[in-house]
């Protein structure tokens, strides 16, 4: 699950202007963010807010409360002396995993909580909003740098949960045989996009967060450090549904020779035969979307696949996945634009450009072949405060994904951004593109 | 779980008068029943309706819909030609376990269904009510006997689910750290009740359903048949919380010698140290009630214990549990009165009478030492229609409970009534009284 | 699992003559018994002695040691002052489940013990034998009644484990793809046996252990008590493999309507499609025997079925299983003879008699429809000594089987003998015969 | 689990001389290897050969057979035309995981196989030996390069299983409450060794297999490739038992802040309180060794810790684990010597040198912070032949260990050797040394 981390080095930000009356700007950015979370939930019935379909999924109500708890715990309680907590038990109910904050409600049991009600959670959000506005307005100058930094982190944190709300709602609706629609359909067919191979020269390259791209980053994006890249080439576009159907037809899901050992075990155990959300009816593939069940568009990028499926596909295609270093090298010079959340398409599409690299940002998070670990020079410390628990305690068994998806806000993504999930996870908007050595 | 069964032999009924304009009376009884289910849920928030805290528990919304599905499936579809089903998928979503009706939604996943909404479920109930009234009014004379019998069964079925709604709501509220109240407290202390031992002579005795007590029964209550009873004596009242606390203090929950082998395994695995819903705070026992957490009243009957705990207690006390035959023999001459649902106390209490047998009906279901099996002469058939699936397919691994509880309607209970649950179940209003051989 | 229980009332015994020089006779009976256990294991390789294929199965080595531990713990330590235990840890390693004796090695981990070696276990047996002979010879008169009673129980206990050795060895050999043979084949085809229905009149009948049949019994066979039986009829022979194949062909294993609710759950979970040990190869059924894989003889009694399968078959056949009372009533006047262990056939066969009741004793244990519970008048006490832990702590969730099998010694079985296993157990020599009401 | 991989580039080898009469030398090396495996098992009782204490552990008998199966499957069957397999079912029973070879016996059920017997397995080994000698002698010149390469791989494969035999035997003996000894004690106290920090300069460095060190490698050690290293320093010796005891005393196992998220989950679930094999008796730590239970020597390197424990310790010590690149850089110039198997100590010890780097080779495998992945330029292919299944299909979720242990043969280890296990594995001889950035 994407989890925000400590602010490393930001001094200004395109979303959060720090010059002039930046306290008022920050208030405005903050309120805009909070309103967006509410809007994401606007199409929901009250009953939808409480459902947890698997341990990975949290009820939408929980996301709304947890993101508020974050501001309450790390900002209002330590910095707003007059602040009194909304409810004494919320600090336990809505703590996600911060062991340093105290005990927390077991994750798999988040769906058992009918109370607080949705109305009470919205009241909690209002309560937090009011006091956060006060804090931003009146924090004294000594506290301000820390208040600013933490508020910025809280905003990025809530953006991540906004993406999770989308993916969790999709799963909740899929698990219901009634297959509700999140919104009405406005489906357009995708135009086929030719696959090209783009060559890159290797060499000594500096990577990691660069203030030129964004004035905020998580600590796992740094420090800036030098690496060696070999020459490589990368596919101009993402792997498509049609290509995945070819893999399926060729028996890819039944051929142990294509799968990593752990992958084969889990694919057998869970009975994977196609990407998550796919269903075959009369020789036609359908899949769940925010507009209910739709036929699978062959030219759209494949989505909701695990790292294991991406890796098996690549082996079948005699290619490989790119490393996160290769991906970052490719992405660095490109503008941050694509099918991101602001496009309001909410599903991956093809790109009509038909020349050069496409879909680097948006559409789907791209699985890389890189395990999620600390960069050289990253300072490992005990997870003794909230920021150190944010990112680095997840540095085992997960794989890096890059580039954002159709439900990622454009001001949240950057070339150095490292998302990470377990290699078997499929409920995120995750797809992939191919790479190969340039020999 | 208590499950209603086929009507055996009823021609009239104190709740359903069959003489004169009994169709109108039946309509009135039916509407009253349906209204009661809604009233039980009246204190709930919309969010409470969808929660399933363990596989045994069903969301209140599911109970409301399932009881309606029962009427739709077994009455409206076969007997009301003009009837069109409310929603094509409801027959799958709200089937409980009737294999003969088709596939059904997995029981442990009932809590994952945000849709249909509570409002839609109430609309479904209204839809069923309207058409049931039509059917009762206009069913032709050929169909009538079957329509009447099935309606009577549907009413008894919904009464059982009303009891389950109470027990499930209690569990749902208990699992929430906020411990919501179902209603405001009106708690009164219980008066201590002296324990007496009442002697009974054995001999050749006829048992099973007797039309003199009730003109409805489930098939598992018959046929009437002869048994031998040895002389025995039985406790005048139920075992109390104080007595259970003595057992706890004496190390009863830690002493393997008191427990059946299977009992000890499950008590260790689940860490039982006291009845369900009990919590110790500063040397005082508290427990969950419909009015939130309350101190345990020492003189009230112990409740929410499994058969295994009742059996271990009895061994500790050098007594035993009664057989269901002994219980029935004792109960048969007694009036059907006690702390039943109409008293609206909603928890077991002591009885101030202080002489003779008390608490036979109401307060708590009484565990017996009898496994739930068919009576001699019971005709075993394939579970090929709804009524044969109702009761007899559960005749393995469960134990019989007798006498009804504080949430059982008084017109639902009778001397021959056999409730049954697994010996480890605790979330029902289940307690026990002691017996011993008369030697 | 069959477990011996406390001796109730024996003063003499056809196997253990107590008159005249009965101490020497008891020594002889004891040694014979001990030798038989060794002989059962004679065909084994050392490697076979240590295998545990499922928690229900114990390694043959464990049986050999545990039966010795029983004599050591309950006889030598309390009654032979000079006795020093063979090894200080054996009391933990070879205790089966006696909580009152102290902690014990976890049952599912019996197969992890390479030491003590087979040779050491045989040395342990020799050590016990020598000292038991001493004890029987020299026990003083005060101790003698208890020594005699416990020795008798120890002998019956080891006989039960001899039967378990056979069933466990069969399972161990079956789980090995090499399918070893316990001994060479001497297979003879079974003669078909006509099914007749034998009628019995009901009435007031006395049941339970009767000293006229045997001068030993377990406590669960008493006390003698009166019951009522309705008229009934019972099948003259056991259900055959051919009949089971008809059930299979008719889709019996796929038809939920034939199965109890718990039965259907477990049959689906474990994928039951035929009795245990059956395998289909080219439209021919084969099954595991002590002489390796053999074709299934259609006229032999079906074996290695659970209660659940027996019950489902009976429902399919529009019959039912007998109660244990009916079975005992039928068996009581019959001689104790049949395909028991002394016949050395080691698998069930048909009987050529072709008139009257056959196969009551031997061939297979017959599932009844009776849950294993205490008889009326049975005195329930805390499981505070070894005898009370022997039988009655298993009185929940198990079903009664009657009549012994082809691996039961003839001096171990009697009309009142109650064997008991969980309704899903299949690895014993368990089959069934049908009954029905006489209407 | 260490698994051998395809030979990349060997033409000669210090263990396998290819010059002159190298076929005879290869025969001699081969026989020596095979004899060593038998010698490792010499102290075992027949009963010990068949035990599997957890899925990760294989019975010693299985190792003996599986290593033979490897030669049979990949050499004798394809290259020795006259060869007839020893037993038709062995190819299924002793295949470890090669999906391309066909189905295989489930790993967790290896301990259920009493047959083939130990004697038969030794006969199988003899059979393989004879035919391998023939093959080496008479393989034609066309086949020879492949025969040589595969034989070399088979030899390295069996060496890896020799190490596993040691670790599995230790676990088998530990799980038995009798705690058998593999051999008699010759325990000597360790001399304390001062901790020094050795500084290294970073820069552009070439890593991967180098023919100068060894003329054999697995494919996962190549290709040779360039990396960047930052300046760093590394501990002169391994972390000791005393240091681990300090960590324990300081509450390290109870402090969530020190543990990776996945680590904390598994440490809680499995109840880790100390390294594997440690037991506390009266304030003294004991641990299992090949000479039975011994007190923990404070100055010996800590062993049988998981990556997770090593990582938590490092965080507690405000240091980190080295990367595999740092380790390789340090090791490259050093002679391959240390407490390896030839020393016949069979447990890690301190080094008396007291200056400079010690214990790089031998004692314990050293956990690094590097996930096991392909080097840049490694050619990923379908796992379509045995060599490609050897190493690369395990490239997910495992961590790299370096340097060999006290049970690794000295001709099996080299600077580029990459061992890999899951981060929670503890039953290998695994320990660690600390590193830190040089800032």
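Read from first to last, the chains carry the letters A, B, C and D; within each, the first residue is number 1.
The criterion applied here is as follows: a contact is a pair of C-beta atoms (placed from the backbone, for glycine too) under 8 Å apart; a residue touches a chain by one contact, two chains touch by 3 or more.
All of these numbers come straight from a predicted model, not from anything done at the bench.
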Inset, instruction - Work out which of A-B, B-C or A-D repeats the contact pattern of C-D, with more than half of the residue-numbered contact pairs in common. - result: A-B
Legend entry - Inter-chain centre distance, subunit B versus subunit D - centres from mean C-alpha coordinates, in Å: 61
Legend entry - Approximate Å spacing (C-alpha centroids) for the pair subunit A, subunit D: 38
Legend entry - subunit D residues counted as touching two or more neighbouring chains: none
Legend entry - Set of all touching chain pairs, with the criterion as stated earlier: A-B, A-D, B-C, C-D
Inset, instruction - Please give the residue numbers of subunit D that touch subunit C in the complex, ascending. - result: 45-53, 89, 92-93, 105, 109, 111-118, 172, 175-178, 180
Inset, instruction - Flag every residue of subunit A that touches subunit D in the complex, lowest number first. - result: 97, 99-100, 204, 225-230, 256-264, 307-308, 314-316, 318, 320, 323, 369-371, 373-374, 376-377, 379-384, 389, 393-397, 423, 437
